[in-house]
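Quick one: structure below, then a few questions.
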Amino acid sequence: MAILEIKHVSKLFGGLAANSDVSFEMTEGMIMGLIGPNGAGKTTLFNCITGYYPPTKGEVIFEGRKMNGLQPDAVCKLGMARTWQKVRPLAKMTVVDNVMVGALCRTNSIKVAREMAMEQIRVVRLEHRANFLAGGLPIGERKKLEVARVLATNPKLLLLDEVMGGLNPAESEEIIQLILDIKQKGKITQMVIEHDMKAIMRISDRIVVLNSGEKLAEGEPKDIVSNPEVITAYLGSE
Amino acid sequence: MTFSVLLQSIISGMLVGGVYALIGIGLTIIFGVMRVINFAHGDIMMVGMYLTFFLFTLLGIDPFVSVLITMPLMFLFGALMQKVFINRVLSALPQNQILLTIGLGLIMSNSAMLAFTSDYKILTTSYSSSSYSLGGISISQPLLISFLITCAITVGLYWFLMRTDTGQAIRATAQDREAAQLMGINVKWMSILSFGIGSAMAGTAGALIAPTYYIFPQVGSAFTLKAFVITVLGGMGSIIGATLGGIIIGLVESVSAVTISSEWKDVVVFAIFLLVLLIKPSGLMGKSRL
Amino acid sequence: MLTINKLNFSYGDMQVLWNIDLAVHEGEIVTVVGANGSGKSTTLKNISRLVAPQSGNIDFQGENINSLESHQVVERGLVQVPEGRKIFPEMTVLENLRMGSFIKSARPTREANVERVFTMFPRLKERQKQLGGTMSGGEQQMLAIARGLMTNPKLLLLDEPSLGLSPLFVKIIFEIIQEINKQGVTILLVEQNVFQSLKISDRAYVLETGRIVLSGTGSELLSNDHVKKAFLGM
Amino acid sequence: MKSIHPLTSIRGASAVQIMFGIVIIAALFAFPQFVESPYALHMMILFFLSTLMGSSWNIIGGYTGQYSVGHAAYFGTGAYTTMILLTTKEIPPWQGMWIGMFAAVIVALIVGSICFRLRGPYFVLASIAVAEIVRITALNLTDLTKGAEGILVTDIPPFKIGELLITDFASKVPYYYIALVLALAIILVTWLVQHSKLGYYFQAIREDQDAAHSLGINLTIWKNTPLVISAVFTSLAGSFYAIFIKFIDPTTVLPLDLSVQIVLISIIGGIGTIWGPVVGSLVLVPLSEALRSNVIAQWLINSGMVDAESGTGVFLKEHLAHAHVLIYGILVVVVILFMPEGVMGYVKKLAAKKKGGEA
Amino acid sequence: ARVKIGFVNSITGPEAPIGENLTNGVTLALEDLKKKGIEVDLIKEDDTGKPEKSLAAFEKLATRDNVAGVVGPYTSACSSAVASQADKYKVPLLIPAAAKEEITRKGYKYVFRLNAPADVYSSVLMDAVQTIDKPKTIAFIYESTDFGTSTVKTAKEYAKKLGIQEVADEKYQKGAPDFRSTLTKIKSKNPDLVFMVSYVVDAITLMRQSKEIGLSPKAFLGGGAGFTTAQFLAQKEISNMVMSSTQWTDDVSWPGAADFAKRYTAKFKKEPTYHAACAYEAMVIMAETASKNGGDRDKTRNGLKAGHWNGVMGEVKFADYAGFTNQNNHQMLVQQVQNGKYETVFPPKFATKKALYPFKWK
């Protein structure tokens, strides 16, 4: 069954259509890659899915439930969690506390939350920074923190917005492993925005390509990279 | 209530609003650039008032003429304050900035008290209570002059901020200090400039209001509050907004005093203020830039 | 052109740079690579004087710039495109660009430069009236680079310019870097896209936890085992 | 510049600390048994009251980062409700204060529904505006509040439970205990907040509202919660003030000046910490009293350092009294410039340095 | 003999401008007392205009400094808060200038008040007008303070009794810069009398703007200090013919008044207000009584209750009448600006000039 259905979603900013008539579905456990040129509307689509923007048209259906009109916190409670392209650490709180805020979405106990948080911190390998203030972390670690924090909300669907941006290939590799591990455990469905094609190819089961707000293509990774339209719009010819 | 009463209140409201606008403009520039809510704004205005007073009583310079002296002096005063104090908290927490300006305000008003005693000072010019009469409506002469001066200053400042590179640099500094530095903008100078301009405006407002009002060390606090309302109403950082805000507040006060009652007029002002905030949190002219 | 000598720097009590020695010669493209948090951005911030070095010397064109302020450094032709773009959010794209040519020496060429960056980044031309803060991540990156070019830099510091750009655009950006370098702009590049950047650079440094551990020509480092393992994931 | 310091957070106090706390609390409870001076008791009461107000603000301002500069509204609501009920309905204050609390909660929810749509400086200014509306309304609703005249009561009815007389409010001692209990209560509440989900949520909102929102934090609920907690205790402070002073009017319990004072307490002490407001009160209350009553000049003269009749002596006696608000202002500026994290932050930093030195 | 007296005043804060006059009055009183051989150990306490500080100050004076008596506080709010404590600590408290009626209506034994309370401010003015004319209508414009509202409250009752019809009731926030619209509204009602209460310099703003818009009733009546200051007088354009009620004038025939005014002006370089005179007299009375009774509080209290004085404030006696306790039934005066001078015009007994009526703009 589809865990997420995007049906004819459009989002207008004034006269500009950041998303227009985008539709696709995700099945449970899969990893969906979302790619497209800069300004194609990927982040906007995330915002529409997670309740930050009400879509101008269309609907988002999560586990059979219509999400339109829900606030981001409700969306998170229902099991959809997103990271921010421009990372947003809670600067004056420590790394554990940051992650605990996520965990507290599922428990009221500080002790339990702390354990959950430490577990996720280990997952992303930030143990050595656990008691550092989040504001002082370098960009790469902030991204890891961002991932740990959403993982702690115990999501069913994880939306990752360029979590590998700014990481070198070796570091990206860690994140790729992380994403694959999550998939391995089979509980969490993921949608990943990324510009690193190598990474996207490795992790995605399917890929949706956006261009100028519209869905340009959807399919298996290997089909996408050989799609001439995608090549001109996004990849550029080698 | 007759039509002429209403008309009278509209006209005097607008004229008083003009002076309010000037106070608001000063605050809006300071906020716009440094994101500092200046709780000492009224006190800076107070300094301008004393300056005007002494220029008048000691040197016999007419308040409207002395604006030419007050403005640069107040600019220096503000610039100095910025350089010595405010500069140090620019990257600090917002509450610290608020507190620092509160502290500076206390220092200013209480130093004034030590220096000039807490006596009320009254500046009486030959035209303090003269007016033009226009079909039964009276127009206060000093208010009309200050209104015209305000208009001229507003236009000048608007041009400066929107059309000159320095003006734009001030706005850029407001939005991202670090990036501004990387553009080769001397952000310290921009802060000094804007605090100076803001203070000069507050001082000028003080000078303009001096002939029709009175002067004492604590005079500032009431005007600080007014300046807040005006700038938020107009949209913080917007010069046109502050001008509009000032005139609206003047009008609302004046018209609600005759149509509702003078005791509730301030409630009306604050209610309108909140209403605008709720409908358009960025203020009337918010977003549309300075 | 730029020489850094024994640079040390701490955030509060935490030292992040240790005795950095680094040089950039006129006309070169020099790359600094390093893991997350190794201090690359901090090095650039020291050069642009956004932060003050604890000890050590930074010379630019034979002049010691330790005691200069940021804006003075820019006036001398040393310009940084910062990490995280730092677009003026409430200014339009065009106004952002105009701010790029704030310094006196760049004003005469302002109009010409606007045209130049518009041809490099047609998206900016389309959106010249949009507020900077509402542009997408990648669009902001383009704007940041374009804004940096407006200053007519002699030495351009680029902090992760390809961050968040689509593959197509990453290619374009690297072409642009080479292009402006050919036009006489010296470039100090910080990149996570290690392969691409080493390929185009004359020389490169490897930074590890605040120390320079390796340096050499681009191709030397590309074939260095340590680099391969640590940064290229090979 | 943000700095990283490994925060070895002390969850769970050590036995020594707990012992120390118990000793202090016991001493505070025993204090009136040994010290009879009403002046000393008065100062202690002002100290507790200040702690109560500062800590209340700290919950919304310090932990949640919503810098309300309109807390006089809750203070005044508590004070007025209590006094009006006492004078018109003869409801004794220890009942009236709960109704006052309820009224303050309603005011808080109204304030919240308006102001929480706004952020940052806009919120600050909106909170001022609402408080001013409350003040002017109290001034003009003369039938209810007696307007500017204020409400004066001569006697507080004795506090009885059944037939048992608890106190007749004849001396300062009952006020001392009430204030002490209220102050301890707010400290306890702050502790509970900090060590529970609330604390995490409040701080998350302080740091980044959008991020908090995306982590499942309902902003409406979690911004209004701290506001209500804060309003409740501020209104209790107001009720207490009213029966303590026995006179209230809009300029004493509702002015902007009071709102500012409330904010000062915890900022001077250090915001977002349990002890900040306590430390702030410990600094501000004696300081403002010392300056107000010009003890410095008195001391200089009495100790013979300055001759009372000499020029300096006369100057000190005459002018220092005028200068105390000035000195207060200078101190505020000095604290902000040199102890940006408040006294608590400064002390912590010193301690950390010392530790670092030893290590 | 030496006596220790406390003095609670608003030296700083919003009430400071008036508080300063009280301080000056007391300073002069100390000099005069010294001449009479009474050394006063004065303990000056600033209450910054806040009741809780006033209370702290009073408690300090009562319990730590062991003063024989206390003069002050200045404001009604502070006096209200402090009064009950005076009885509790049995410390004689002499209030020099606070106008709130209630303070001496609570039956406190140790609380005395020198000045006339708020109700007299209005009655004396209307009495003065009644001797000349029978006005029909009256408009009120007054500050929204305790003083303003309570003065106007009694004024309204008194006007009703005299059969004068109220046509306007306008309350304003102290310090407002613009009254033009309110005044225009009043002008359109064309009242015979305009009764204003403003404690500070709003009086000048009010009169300036009245002139500006051409409001011209038969008389402008000023209740309160704003109309009785030298600064107001100096505004020749607008002050002429305005009548005001006051506790004290410098040309009144009370013993020592003229001399007090002269010395005060010489010392402080400005003319005394009635606050200064009230504070002066209060300090003299308190110090003399205390010194006579060797600083004993109870005896001092009885001395105050039993004694009577005749000084710069005229005859002083603390009596119980019309619900008041220990209240000096002080004769208030009406003065009018004539030819750039304040002239006492009412009551006839103390009048130096006849009142000019009706009002005309200069």
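Observations
Chains: A, B, C, D and E, in written order; residue numbering restarts at 1 for each.
Throughout what follows, a residue touches a chain if its C-beta (ideal position, glycine included) is under 8 Å from a C-beta of that chain, and two chains touch if they have at least 3 such contacts.
Labels paired with UniProt names: A, C = ABC transporter ATP-binding protein; B, D = Branched-chain amino acid ABC transporter permease.
For clarity, every value in this text was computed on a predicted model and none was experimentally measured.
Looking at the partners of chain A and chain E together, the chains they share are D.
Touch-path distance (fewest steps) from chain A to chain B is 2.
Distance from the centre of chain A peaks at E, each centre being the average of the chain's Cα atoms. Chain centres were defined as the mean of their Cα atoms; on that basis the chain farthest from chain C turns out to be E. If you average the CA atoms of chain B and of chain C, the two centres end up 42 Å from each other. A straight line joining the Cα centres of chain C and chain E is 74 Å long.
Centre-to-centre, using mean CA coordinates, chain D is 35 Å away from chain E. The set of chain B residues that touch two or more partner chains comprises 110, 113, 263, 266. Chain contacts: chain C has residues 11, 14 touching two or more partner chains. With touch defined as above, residues shared between interfaces to two or more other chains in chain E number as follows: 12, 144, 171, 173.
Only residues 11-13, 44-48, 50-53, 55-57, 59-60, 62-64, 77, 80-81, 84, 89, 100, 102, 106, 144-146, 148-150, 171, 173 of chain E touch chain D when the two sit together in their complex. The touching residues of chain C, counted against chain B in their complex, run 48, 50, 69-71, 74-75, 79-82, 86-91, 95, 98-100, 102-103, 106-107, 147-148, 151.
Contacts from chain B toward chain D in the complex involve residues 31, 35, 37, 39, 85, 88-89, 91-96, 98-100, 102-107, 110-111, 113-114, 221, 225, 228-229, 232, 236, 263-264, 266-267, 270-271, 273-274, 277-278, 281. Chain D contributes residues 37-39, 42-43, 46, 136, 139-140, 142, 147-150, 152, 154, 241, 244-247, 249, 251-252, 289, 292-294, 317, 321-322, 324-325 to its touches with chain E in the complex. For chain C in complex with chain A, the residues that touch the partner chain are 11, 14, 33, 35-37, 41, 83-84, 123, 134-139, 141-142, 160, 163-172, 192-195, 229-233.
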